[in-house]
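After the structure tokens below, expect a handful of questions from me.
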Amino acid sequence: MTLPVKLEFSGGAELLVNKVRSHQINLPNNDSKWTLRSLLIWIRDNLLQERPELFLQGETVRPGILVLVNDTDWELLGELDYVIQENDNILFISTLHGG
Amino acid sequence: MTLPVKLEFSGGAELLVNKVRSHQINLPNNDSKWTLRSLLIWIRDNLLQERPELFLQGETVRPGILVLVNDTDWELLGELDYVIQENDNILFISTLHGG
Amino acid sequence: TIPAVNQLDKESIARYSRQLILPEIGIRGQLLLRKTSVLIVGCGGLGCPAALYLTAAGIGQLGLIDHDEVEISNLHRQILHTEARINVQKSTSAAYACKQYDIVLDATDNVATRYLLNDGCVLAGKPLVSGSALRFEGQLTIYNYKGGPCYRCLFPKPPPPETVTNCSDGGVLGVVPGIIGCLQALEVIKIAAKIGRPCTQRLLLFDALDGSFKAIKLRQKKDNCEVCGSSPSITELIDYEQFCGTRATDKDKVLTIL
Amino acid sequence: TIPAVNQLDKESIARYSRQLILPEIGIRGQLLLRKTSVLIVGCGGLGCPAALYLTAAGIGQLGLIDHDEVEISNLHRQILHTEARINVQKSTSAAYACKQYDIVLDATDNVATRYLLNDGCVLAGKPLVSGSALRFEGQLTIYNYKGGPCYRCLFPKPPPPETVTNCSDGGVLGVVPGIIGCLQALEVIKIAAKIGRPCTQRLLLFDALDGSFKAIKLRQKKDNCEVCGSSPSITELIDYEQFCGTRATDKDKVLTIL
């Protein structure tokens, strides 16, 4: 069974994924569960159009990007260890500095 | 089994229910299903502090009040005939005119 | 009418540079803004910020109407950009003015005028960007646009006079109409430049105390609507004060113009 | 300091009448607003509407800082109410000014200054009402207030310089910082008058093209935070340009002051 999730990118992060802000995807069946850690690898390999270092740093997101699951800060959910649920809404948003 | 619903009042409509904007209630067990029609009668008998004509007109809400179920205009859901579901969020909002 | 020139002068390019570089706007969008005329009815808490930001965005022509001529003279016109042609309408016949503009912005403060503007816009075929505020709450939607409802589709009958509260009676926190007026300007810009998703068939509810916004899905245009339906019974303007049972004013209002 | 007088003069009562009659505000709230001092850092797209509405609400003292002295002189000060004491800070040492005010409003346009203000507010124990805007998006939250996080709790490390876009590069639709600036003023009012639910531990995201707002639940203050945690390693201001690898400016910005 694939795992349907909605990925969203904003605050400028969408520029790294071909300017497409919303991606409805089905993560392929996996022996182990999908976590945000494994999702980031999948994104790097399947969605990132630009240089990966503009989105990732090591196994996590680069500084300045906030990861939200169902409108909640991933820090409240275990960050990289969070186990993704069916139909989760995962938003990667770049913090804005402009005024 | 009682039917838990959340009733909200705003735009001034809250003044008619003791200024309490949010009411978590359990509608008592009924032979027939609870509809918005029967809910209005229940509200008149159990919540309205002020003169009922400030909230109701006949069997419906008085002009200027919009009824929303789960952030949707009741007109899209059958208005008075809508059958209330468990944990529905029903908002009675008075249209604002001020500027 | 505004001359149709398909290019921007250097000064305009400098002035609007930060929005010109937005791909969604660009020269195309800026020219559309420039050839759009907008009527703002009401120069109070909603109308002032709306007028400011529409001028700043490069809307070509702005008409301003307020029932109080003295308040219009208090309007800090010097902060409005001089390139926009500002027409101050002395006439209170806002509904007739609807015919002369592309988009109408309802920034009024009473029920009767809101019905008047609604009917005026439906009869003239113009979108109506409607905002309102009271106490700590605000509401916003676009009426009569792209198959969406008009005001009468939602509220065929006016509220009983004793249930109507205006800002003089109920009070209002000034920044609340400030926020709604800015949001109205934004919706006008989206309609004029043909970008984004205008707030039609959607009602935005703002709760300032809670700091939250909610978007309500609204009904479509109603086939049996008296003014915008398939067999309208209203084909010309009526007496709105009589219809509502209230005066077309927010009497005793202390108007603070920013 | 502002003299503590426990009553309002007649003129103030007339001026603030529409918010005085709000039970949540009343004389109590208006007096609290009057004895509150607010520092606005940045007089551009965010700072101008914030300053306007805070003045209109009766905030007792406003400090304004901008890195560009010329722009400060362009600020349409005549529309700011003369009763509010407006202090224009020539010094760019915004962080030192944090100590002199009750609440700080971040209306700046670059990363380095945002970290500077954050640390300044944490070290001075002041809430920081932070807003930002770019293209068609806006963000808003309150840092360092009631157990909520500070900026470093969320972003301990600054973004790589090549990932930072400012409004000169990316563009911005003017009404977007207008809306965010107004929302910042609202949050300041709620903190000062002690009403409603301030936007702490919540991040408000605004998408102007879509016309939608989203409220994100944020982490609490982090115990291991370098500046606001239980064993802070940052106990005085640092070199923020060096820290961020970028200049503390939004160079080449064409500033449109409304």
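Brief remarks on what is shown
Per-chain residue numbering starts at 1, and chain names A, B, C and D are given in the order in which the chains are listed.
Everything below uses one rule, namely that contacts are C-beta pairs under 8 Å (C-beta built on N, C-alpha and C of every residue); 3 or more make two chains touch, one makes a residue touch a chain.
Here's who's who by UniProt: A, B = Ubiquitin-related modifier 1 homolog.
Predicted model, so just to flag it, every value in this text is computed and none were measured.
Listed by label, the chains that touch chain A and also chain C are D. Taking the mean of C-alpha positions as each chain's centre, the chain lying farthest from the centre of chain D is B.
The centroid of the Cα atoms in chain A and the matching centroid in chain D are 30 Å apart.
Remark: chain B and chain D have CA centroids separated by 39 Å (rounded to whole angstrom). The set of chain D residues that touch two or more partner chains comprises 135, 167, 170, 172, 215. Those residues of chain B in touch with two or more other chains do not exist in this structure. All chain pairs that touch, listed by label, are A-D, B-C, C-D.
Interface residues of chain D, counted against chain A in their complex, comprise 42, 44-47, 107-111, 114, 131-135, 137-139, 154-160, 162-167, 170, 172, 177, 203, 205, 207, 214-219, 250.
Note for the complex: chain A touches chain D at residues 10-12, 53-54, 62-66, 68, 71-73, 75-76, 93-99. Chain D makes touch with chain C in their complex at residues 14-15, 17-22, 24-25, 49, 52-53, 56-57, 76, 78-79, 135-136, 167-176, 178-179, 182-183, 185-187, 189-190, 195-199, 202, 204, 208-213, 215, 253-254, 256, 258.
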